[in-house]
Each structure stands twice: as structure tokens, then as C-alpha cells.
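Below you'll find a set of structures to go through.
Both complexes below contain subunit A, partnered by subunit B and then by subunit C.
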Partner chain A sequence: MYTLTPPKFDYKRASSVEEACKLLAATDGTKVIAGGQSLLVAMRLRLASPAVLVDIGHISGLGNISEEGMGLNIGATCTHSKLARSKEVMERFPILCEAAARVGDEQVRNRGTIGGSISHADPAGNYAPVLTALNAKIALVSASNRRTIAASNFFEGPYTTVLNGDELVEKVILEKKPSSGTREGHSFMKFSTMPQEFATVNVASIVAIKDGKFEEVTVALGALLPKPRIMAELGESLMGKAASAENIRQASQELHLGSEIISDYKASAQYRTHIAKVLVARSLLTAVNRATGAE
Partner chain B sequence: MTVQSSQEKRTEQTYVGVAYPRLEDLRLTTGKAKFLDDLSVPPGTHYAVILRSPYAHAKIKRIDTEDAIKVPGVRAVLTAAELLSVMDPLPLALRSPIRYYPIATDRARYAGEPVAVVIARSRAIAEDAASKVNVDYEPLQVVADIEKALAQGAPKVHEAVGSNTVWKKTFSYGDVGNAFEQAAKVVSVDVRVNGYTVPPMETFGVVAEYDKGSDVLTEWCNFIGPFTLAYVVAKALRLSQDRFRVIVPGDIGGSFGTKLAVYPYMALVGACSIFTGVPVKWIETRMEHFVGSTRAATRLSHLEMALSADGDFLGLKARITDDIGAYPRSPEPGHLLKSVSNFTGPYKISNLEISGEYVTTNTLPTSPIRAFGRPHLCIPLEKLVDKCAKITGNDPLELRRRNFIQPRDFPYTTASGGVYDSGDYGAAIEKLKKIFDLDGARADILEKRREGRLVGLGIAVGIEPSVSNMAYLDLAIPEEERQKATFMPHSGGQHSATLKIEPDGHIVVRLDSCPQGQGHETVAAQLVASVLGVNPEDVRVLTGVDTFNVSWSISSGTYASRFGSLGISAVYSAALDMRKKLAEAASKLLGVSADDIVMENGVLFSKSRRDLKISSKRLVGTVYWNPGSDALKGGDHTLSVTRTFNVETLGPATLDNKVNASATYGFIGTAAAVEVDRDTGSVSILKYASVHDSGGSINPGIVEQLCVGAANQAASHALHQELIHDDSGQPLNITFGDYYVRTAEDFFTPIFGSAAKKSPFTPLGTKGVSEGDNMTGPAALLIAIQDALYEYNADIDTVPFTAERIWSRFLSKNNLGESASSRSRPA
Partner chain C sequence: MNRSINIKINGKSYSDVVEDRLLLVNYIRDVAGLTGTHMGCDTGHCGACTIVMNGEAVKSCLILAVQAEGASVETVEGMASETGLHPLQVSFRKNFAVQCGFCTAGILMSALALLRNNPEPNSEDISKALTGNICRCEGYPNIVKAIEEASLVMKAAKDLGREPRGKENEKEG
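Our next item is the complex of A and B:
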């Protein structure tokens, strides 16, 4: 069926998180809407048919970016544009700005929100590998409960997360360790035929360098796997080694991605695997260059 | 305005050749233009939703509409069972037992083929009800590509045909056998062009209102012509043409050829209105556009060139196989036939043989997409010429130049009957070298290669024909039939324009064109303003067609780049006639001869006696309000002129299969420098330039804008756009998220050059322009990428050449460790 109109649904606009939670708890088949950049498309194609939409897009303060110690809290309805241009985020977690700036096109970035993007959990989404690499926490709230969950546990697979039907994402919590004399660098890279297309491979790399050696290496891959994955072996193999192009190349080549690689008409598993290795090497090199001031 | 011939040049040049700001842009860019979905609809309009087959090939055993019809607000659920009572098959251009209806009858032959239409009070109700229509399908074996369709024992898309080949023909010109015997060398290439499309922003739409009282069906639709196809629709709906009114709005939201294929839906929605008696509106969704509108053909080509020892092109042989989807609908087999006249491009090749085979598959049917069939031709032909240069050790540009048709040869008749109007291809190439800075680009490539980078250069040239001479489709008809006295040959490609001066002196121009952003209003206003000595803003230009109110012909519409050559000529002819009429009326009122009349600053006067004068306002007023005056009595001074322009060379096809399919033949040369990412196969365009011969432009700014768009489409087509389906014929990339179309953010700016050579066939020398890059762009990029991959001996044989294809075919042998290091390479 090729439709243009969503099936009938009810629309409620929440003026507070509490009200939104109450509305979510009240009826089955309720869905949260903020920017609507994925949900409305799915509804118009009748791939999603929620009975009730609870709009959290007008809850005041829910899209704020606030400081919490050295870290930041990013409200669920913060748009990609706002995130991409935020000075506070740029200073502390520039990789998040980099990822936000590469979501869709300008119109999508102006409407779409971080909470919506991660709740939707498209495997090709930009935030999943970045938040996983940053070891971010996601605060979830419902009428009866509040919980905080690590990003690495939040995503369960394509379009599935740990979110219960009555829960919503309230904020993303980013903590920052005090500097230990290392120099940090980061890099987010997205591979797609055209810049605004969905990614076939996403990589988030974060490194800390001390005396020319890797003190910390975190690489998370997205888009080619059902959910984001930290490449722990890669990190371990580089730890303590010289932050050289040669070491990076070697480690990237040895990357083991397993058998879960997504294969479709956009890219075969073989090509995605290859691109992942290329992209990991490139993003690590960029991260190192940024850490050492070479870029 | 002046009637004095010595001053003609001066005034006519006022706005001709000027990049005048487009008059339609304010409306278009501020959301004030009205597209099909914005038009008011007749009272009682119902909305149609089309239920489409989910199977690429299936028997339709039963359609249960009972539950759907019960949904409140549903007027009817129509299937072939109902609609065939008011509809006959849509006539085909080729002779075939296939009956093509716009709705599946007993079988669905592609995934997306209409199976039922739900008609309801609102679109939402119709969509709700459509999900309640139950169709009992029996899936059949699918043939989704050419190779499978041609295999021994392949399932047949149409049992009545007996095989999947619906048309096969060899055209031979000159003595090909001898040419190949004489050849010192024979060079061949193979290229596969996958199915693709150039989707417009606005999707298809039709509003149909059948009036029982008058037995008239009126349709508002964003159909772009040719109106031969409106005839086809009328025929299918059993209507005489005086009972079928087609109204095309003045603004269409893009087309790139696709909206020619609105016509089957004009038949379908029209039949729904006739059957139900209510007005019916249908707007296509984006996904429907991908599965149910149209596409360009998938083509396999094998080309062979016979070369003399000196590198002269002695003969060309081509074996073409086109997959045209589930039905060979009109104007197929145009993908091949439209290019027969100019098959040999800008080269002098007197011996030519073209073997064409048309194959049906369980995929979306085809129709013209920007530069109809010519990307399919230009890509292999230019790849072949480039290969000839390599094999004979010639510079590719020099080899081309050596075989070019020379300026002294024009008008030049090709082996297959094309009549090329004018050209200086050598000069155009010189211009291309200059604007591209060929020497600089070559040095830059050597420099980058020394850094180990995969960079390359490609040049491709081509002929850019404009206007469609319907005669080309007669080549699809067997000679025996064409020989009969009863056979009615087809020809022509005329364009009409009506110019009227209103009683208050305002000028209105009515075109029979259906522009989709090409700026016809501005161009026509510039031209009329120049002839009549007013400002372009004073000329109101109306576009779009209303077959009950506009002077139109079967070739009306906007396709095949026809406005730049024929459209402009019709407008110009009408403006000259109007000027003459005004002079005649003035001469009578002033009692002097018409030759003696001059107009300056809104006053017409006798140049021998300047005191004899009349203002143009009073003149026009007198014609309207006082035609019974002694001076005007008895004469025809109506200030309305309709002129239809045709080019004389557009004759019928001959029995030896020669035909001149186009009116003017421009030239385009494209140069591209690219870099291939050694690790990923991704291609970056470093530099891109095209030189166009438009014969001269009324508005060079508009021409350049159109070419920027074409170059970007060319890059998309070359590098990533293709319609992908799985083995079961299921289309996979049917959203803009999956079938990526460049947006303004992604656009690159090509270097634009003009090398105009006036056409002797049009009054202002103009030729059609702007489809050229769609042909030479992919060809130049292919050649450039092969050059960048010279160390891999890359032979690129599939379009698009995606990053993954380049990587897996050529680069994957190179491991990452080696490739990421920077190495010195010989240039």
C-alpha cells in the first residue's frame, strides 16, 4: 500500500514531563512524538499506527543543554541543529556536534531531536556509536519509575531499545573525567554515497594520548551492525602503543566484526566490513591528529 | 517598435541574448505557484487510491471488494472487471498482440501495477478502505532482468507474444560488411546501463471530471505532452477528441521527461470518473512514483568500430538489447529509435548497422527520461572512441577531431537519415580545452599521481538533438505495412504560439508548452518585447495547455528540448506578424504605405512625414472600438495571431529506414577530472566543464542554469542512481532516502561554455539545449575513472559505477595496509 495519510489517531500535547508520562500510562498504543522526522514518515506510510500521539515537543525546558559538574545534560527535545551549534557541547564533547551536524539535511536537523533519534534506533543513526563511545547515560522516565541506563545497554537492535511503552527519554547525561595530563582527540565519520544519505558505516573514535602513546582508545561502530558496538579488542591492542599511523593501520586491519554485518542493496557485508576498517583507521588517525594538535 | 527593416536588428537585440531575471521566479520561490494538487477541484470530487500488485508476476484469481465498499464514504472500488466496460487498450507504437491497459486484468506483470482503485470522499477514507480489499494472487515465476528474460525456457511476461522479445530489427546503412572487411582494426566495447529515473519533486496527478450531459471528459493533469499521447488516451476511453478536454496547469513541479508517462493514469482516472459519474482526483505518492510511474530502459550494448590504419572510422556496428519492463508502451521502442538518426554522433561514419531487440520483464514499464535513450548511446559510443584512441595510439581528442563532421559539410545528412543543421565541433573542442584549462588539468593530474593518488581525465562529446519528429516511431512498423497505400505516415514536430493585443493595449502570449521550470515565460516575453519594442514585464505569457481553448497540435508539450528551437521560432513568427498587422492598421489610419511606418516610444508615424502619427494605444483602441471607421472598414485588423512553426526537414521515414528524428542538432563537449579513493572506490569530481552549441540563446542565464542541473543529474546517474530490484522483481529503493537525488547542498558547479553555431533551420538560429550533459556527463566520468584506474586496466562496463562496484571490481585486490600509505607512482 502506498499511502499519504496516517490512520486515525488521537493527539495530545503534554505541557510537562509528568503529564506526558501520565498520558503514556493511560492508553495502550501510545507513542511519543517530538520532531516527528521519523515517526510521521512511518505513520504516513502506515508502517506505524499509534492510537495516541503524545507530543513532548512543547514541554518547556526539555530541549535544554545544562551543565552538571564538568559534564552536560542534553534534554530529549534538543534539536540536531541546536546540538551541532552548541558552544558548551563543542567545548566538552565536540564529537557529538560532529555527529549532530551530519544528521540528514538542514530541515531534518531543525526539527529532529536527539531523544527522538535514539528512541527510533535506526541502526544507521549517528548518535548510537557516539553516545556509546562517550559512555553516555540515558535517563528514562515513566509515571511510576525513573531509571538511568548506559548507552551501550540502551540499544537492542534495529529500531528496538530498552524503552518500555510507557517510558520516554528525558535526557542524555554526559560525564567528563577530570583531565589527567593526557591530550584528547575525537572523530566521528560517516560513510555514505552522498553526504546527506543514511550511513552505511558510522565510526566514533575517542583517544587520549600521553607522551605520544595511547592512554585510551575507544572506537564504536554503527550502521553496519544491528546495534552499536565498542571495538574493545582494538582498544586493547592499541593501548600503550605509540599513536602512529602504522599502528593504527595494523590494528584496523585486524578488526573482527563477526557475522552480524548488515548486507543489503546499499552495500554488501563484504564491502561494509572493508569500509569499517578504512573508516576506523581514518577516524583514529584524525582523532590522534586532533589530540596532538596536528589538525 | 519599428517596422523599418534597417532598425530591426537594433531593437530585436534589446532583450535577446540577455540573462534577464526570470519572470516566473517570484511566484515559484514564494510558494505562490499553483501545482496540480493546489488547483480547486470540481464540486463533489472524490479521491482515488490505487491498490497495486505486491507481486512482480501473479495471476489475479479473485478480488474481494466487499469489505472495502462498506467503509463509510467509499463510493466505489473498481477493478478491471468494471473499468474495461468503459475502456479499450492504450494503442502501442509497435505491432504486438499485447493489450496494454492502465490496470491489471487477469495478471499483474510488475510489482506496483494497478489492480484496483478505491474512490472515496476523502483520501484518508480511500486509504483506510484500500487496506480492506482482498486480492487472491497466485504468484508466477518472475523474469526481472534481460538475461533471464532471454534464457531458454524463460517464463513469459506475455504468453500471447510467445517469447519475451517484443520487437527485433536490424537497420543497415551503407555497406557495413565491406567496411569491416577493409578495417585495419576492429575495436569493441560492452556496456550495461541499469534502469534509472530522474524523479521530479512534484509527483503525478490527475483530476478527471466526466460530464454526462455533454459527454465531455475534462482532465486536469501535469502531463507534459506530446499530445499524441492525449490522443492515445482518448482512443482508450472511446472518446472523440472534441469530447476530451485536457488542461495542463502553467506550473509543473519538475518532470525530466517522466511526466509524459502520466498518460496511462489519465486513462485510468478518466475511466474511473466515467464509470462512477463523479469527479475523481488522484495524486501519486512518492513511493508510487518509484514503483508505478516510469523509468529509463535497462540496456545492454555491444558496439564495434571498424578503423582504417590511419584511425578513420569506417563503420559502426551495434547490438542493443533494451529491457522496457512489463509493457512495450508508447513511445517505445523510442529508447533506440529516437537516436537512430544521430547514432553515429558527431562523427562521419557512412556504414552503420544497428540491431535492436526489445525485451519485456516483470518490472516497471519505461518511457522517455531526460535525453531519451541518448545516455544509453553516448556512454558506450564515447567509451568505444576512447578505446579506439588507446589502441591506435592516438590522442583521444585528435582521433575525434579527425573523424568529426566538418563545418563545410553542413547541412549534413547522416547515414541513417538525420539532417544535421550546423556545427563547428573543432572550434567547440578548442573552447572546451580553454575553459577546462586542459593543459593545466593534465599537469595537475601528473602531480597528484606522483603523490600516489588515483586521478584521471575524461573527455566525451555528443550530438544534442532537439524536437521529436514523430516519423521515427514508424521505424517500429514493418516495411510491408508502411508500403501499403492505406498506411498513414507520421511526421512533424510543430510548436504553436498565439499573440494577442488586448483592447487596452496589453500583450498576451499563449504558448502550447508545458514548462516544468524551464523559464518559457521569461524567454517568450524577452522575444516579444524585443520585436514589439516594449519591456518583457509588459508581456504576459501563459503556458500550459487547455485543448478546448489553446491552439495546439499533436506534438504540443515540453519535451525533447523543443522550446529552444521550435517554440521560440513560433513565438518569434507570431511577433513579426503582429508587428506587420499594427503597421498595416496604422498605414490605413494615417494614409501612408505600411513600409513607411515607424514606431518609437509608443507612437507610430510616417517616416516621410513625421507629423502623421498615432499612438499605439489609440491604434489598438481604434481597431477594437471603431473597426467600422472608414479607414479600417472591410479589412481584417484583429490583433490576434497564431503561428505554428515546423522545420521542413522533419519528413516521414523512408522505406529504407532513414529518418530525421530531430529538427536541430547541437553539439556538446564535456571534460571531467576525477579522483578515485583508493580505499573505498568513492569518486570525487575535481573539475567538470561542458561546452554547448545552442545556436545562440535568448536567455543564456537560463540555459546555463538548466545545464548545471543536467550536469549534476549526470553525476548522480553515473555514480549512484539505479532502480534496484531483487530476484523476485521487488523494487528495493523506493524512497528519496534510498534513491538519492542531489539537493542544492550537494550540487557542484560545472564550468559552462558556449560555442554557438546558428541553425539555418530556425529564424533566430537557436537550437534546443540542456539535455547534453545527461549524455556526455556519464560518458566523460566513465572515461575519467578508467583513466584514474589505468594501473588496474579498468574496463567499466556497468552504469552506475558505484563506489562498491569500483572497489570490488578493481581496488579490492589492494590491501589496506599498502593502500593507506602514500606511495610514489609513475605518472
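Our next item is the complex of A and C:
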């Protein structure tokens, strides 16, 4: 039977992060593999042909979810399935569970990892807008250096991040602000041609409501522009206003999305703009309803 | 490069020297000789190659054989036992949940993993679990019905403390 076999490479299995870093530093053209749900497809289609693959999928503890103060650290090889079902994440950052549950299909979620997804940086990936909206930090490590970078600075464009060739994502760091007597709500929504496909547009909305008014509004859009973007003007326009469906609808219609909107086989820029406005309104309304207990 | 791997498939241990780039689906089909697992789209979309690895449904065309070192794999060949077909297989036959049959092995493996995690799924749970399995004959309604019915048979057998298999069970179909 004819099969698309990946081009030849040398496979190295790392047993620790330190060993993985050493292997990455040793040879040019080395790629990290964990779940391999994007990388193996790219290799089979000859879109990538790394000389060496360093497998971090068997490093013990690298996929753990651990508490740090009120926040959480999520290890790079935590699978989408594990993330979607995690009680700790559901309690503190439920929007991340919602996004993880909408990655690909069951089989892909069982293998694919959060570290792999963000390193691959498909502009239509689910985590980019969510991590940006949550103000998450990403811890990177190499043989000679360690650094932590804000999610908003991590993604540079389609399939491009600040990761150097010898670096790998070690964990995602989520910090939780102490609650200030406001009611918080969130919503992640993905519009795609089929449920398991990458998003045509996706949106992460986080709101805080006090006395029926918006105290905080963060909306991040993905799959629409080369990298995730926080809709700052939208947030400012809603701040202090009544958290009503009418105000949300109006603010969503006035969204300014700029000129870099992706136009491809899935949707023209014009259609994407339309979907974005509808999706932002829906997700904001859901977030408000969750905050006020209407849902 | 080549390396030696040890994989358990349907309870049997396999040890072989394989090329680093060999896909797990090709290992299962061409090296282990278990051709029940199919290769459909070749790009990870169709789910025909679905197997259960360490208890979870995964696509064997998106895993390197060397990544599966030490893993415990289940394929469709491991479903039936000496006492008869698995209740899922019986139910698929009874409900005509097979048309051309190409996707069936993968769908059975997704269903097997689903019923272990959620023994009483509703039709929506089943549809969600099968998102990654494409049936080009579009035979989904009967597939969902068959899985729902199998879950009831398995639950009833469990409640009675019986093994839900056997010739008697097969004759019903």
C-alpha cells in the first residue's frame, strides 16, 4: 500500500528536559516532537524535513498540572484531553478547558499537547487567543538560558514564534488575580467549517461585572489576523456600560479589525470580518450570562 | 537510523528493529501483520487507522512506531475472544452499522475507548467521540444506534455479573 512516509531523520528520545536541551543544541535542523499531531503531518507532506527529532513525549512529569499560589503551571506535554478534563484548570481557568476541548477531534486531543500546539503556532490554533486574553506567560528553556515571555509577545505570526532553534517550551504559567468582589465570566468560541477543523475565527472573552456594569472586558481574536490580538478599543468602549445584549451588539458591530485579515480557501476577509463580529457578540453575551449566573 | 522497539499488541509482545520514520500504522499492518487497522486519508483526518494505545483512542498514522516503544496497543483483531464477538461487533452487525466497512475498524476502536470512559453515553456523546472518524458511506445513524445499543447490552450483562459475549449473544444478530 502506498503511504506518505516522513523523510528520513534521526530519532532521539530525551529522558529529561536537560537532555532534550543538549540534543537541541548539538545539531542544526533539530525539531522537538511530543504528540506529533501537526509535525508528522507536515513532515509527511514534505512541508518540514528536520534532520533530527528530539522526542520529549516520554519525559516524566513534563505534562503535569501543578498549583502555584492561586495560579497554575501547565507542563508542555500536557495533552488537550488532560487539560480539558482537569478539575484544577476548570476551577481557576475554565476558558482554557473550553478551548482544549475544541482542539481537533478525540484522537488528536489524546496525543496533541499544549506545548506543541503553541510552538507550532498555527494562526488558527485555539490556545493563542485564550493565553493572550488570560495574560499567560510561557517559560522557555535551552541548554544555556531560561526565559519567561508573555503570551502576547510569544506569537510573532503564522507558524512563527520567538522560540530559537535550541529552545523548547517548558510550561505555561497562569497567574490568578485575587477576586475583587466582581463576578467573572468567560467564553471561548470557535467557528470552523467542521467541528474538528482549525478555526475560521475563534474568540476568547473574559468579563468582570459589578452592579450590572462592565468592570473588565478582555476580548482576544484568533485565526483572523496573523497573530492573536486583544480588541482593546472594544474593551474600552464597553467599560462602565451596562452589560446588556444591546450594548454588546453595538460594540461588536463597531469592531475595527484593520487591514491584515486573513483571506484563504476557508473564508474571504469580508466573510471572516462578518463571522468575527457575530462571534464576538455571542461569546461576550455568554461570558456575561455566566458571570451573572443567567447560564 | 534504525532502532529496536518493544510493543504489546492485543496482549502479545512484539520486538523488532524498525526504521525511525516507520509509522505505527505501517508497523501494525506490515511488520506485525495485523491488517484490520486501515489506512485511509494518509494525513490524519479520517480516523480509519484509529487504535487504542495505553487506554486512549489515537490515530496510528500520526504516531511513529519508535514513539510507541513500551506501549500497550489494542486493534480490532483483539476485540473478539474465544467465547465470541465483542458486544460492539455484535451490535454493529445487528444494526447494519457497516456499509463498505473501510472505516469500521477505526470506529470500533473509538467506540471501545468511549465505552470504557463513559459506559452510558447518549447519542450526542457518541457523535462527539466519533468526530475524528469519517464514514464516507455516511452511515452514521446506524453506527450511533449500534454503539448506544451495545452500551445497554454491556451494562445489562455487567449488572447480571455475566461476560457479555458468546454464541447465544451472536445469534440474536
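Convention: the second predicted complex is superposed on the first by the 292 of 295 C-alpha atoms of A that agree within 3 Å, B and C clash if a C-alpha of one lies under 4 Å from a C-alpha of the other, contacts with A are read in each partner's own complex, and residues count from 1 in each chain.
Rule of thumb we're sticking to: a residue touches a chain if its C-beta (ideal position, glycine included) is under 8 Å from a C-beta of that chain, and two chains touch if they have at least 3 such contacts.
None of the values given here were measured: they were computed from a predicted structure.
With the two structures laid over each other on chain A, which partner does A:E106 touch: subunit B (first), subunit C (second), both, or neither?
Both subunit B and subunit C are touched by A:E106.
Is A:I275 touching the first partner subunit B, the second partner subunit C, both, or neither of them?
First partner only, subunit B.
First (subunit B), second (subunit C), both or neither: which does A:D55 touch?
second
Regarding the shared-chain residue A:Q253, is it in contact with subunit B (first), subunit C (second), both, or neither?
In the superposed model, A:Q253 contacts subunit B only, not subunit C.
For A:T5, decide between first (touching subunit B), second (touching subunit C), both and neither.
In the superposed model, A:T5 contacts both subunit B and subunit C.
First (subunit B), second (subunit C), both or neither: which does A:L40 touch?
second
Give one of first, second, both or neither to describe whether A:A267 is in contact with subunit B, with subunit C, with both, or with none.
After superposing on A, A:A267 lies in contact with subunit B but is clear of subunit C.
Show me the subunit A residues, by the header's touch rule, that subunit B contacts in one structure and subunit C contacts in the other.
The overlap between the subunit B and subunit C interfaces on subunit A comprises residues 1, 3-5, 7-8, 45, 105-106, 195-196.
Help me check something: in the complex, which residues belonging to subunit C touch subunit A?
1, 3, 19-23, 25-26, 29, 39, 42-44, 47, 50, 56-59, 62-64, 66-67, 69, 110, 113, 128-129, 131-132
If we count contacts the way the header does, which residues on subunit A are in touch with subunit B in the complex?
1-5, 7-8, 45-46, 105-106, 191, 193-198, 245, 249-250, 252-253, 264-268, 270-271, 274-275, 277-278, 281
Using the touch rule from the top, collect the residues of subunit A that touch subunit C in their complex.
Against subunit C, subunit A makes touches at 1, 3-11, 13, 33, 36-37, 40-41, 44-45, 53, 55, 57, 81, 104-108, 110-111, 195-196.
Any idea which subunit B residues touch subunit A in the complex?
49-52, 123-124, 127-128, 130-131, 283, 285, 287-288, 291-292, 679-680, 682, 719-720, 724, 726, 732-733, 737-738, 740, 742-743, 745-746, 802-804, 807-808, 812, 815-817, 820-821
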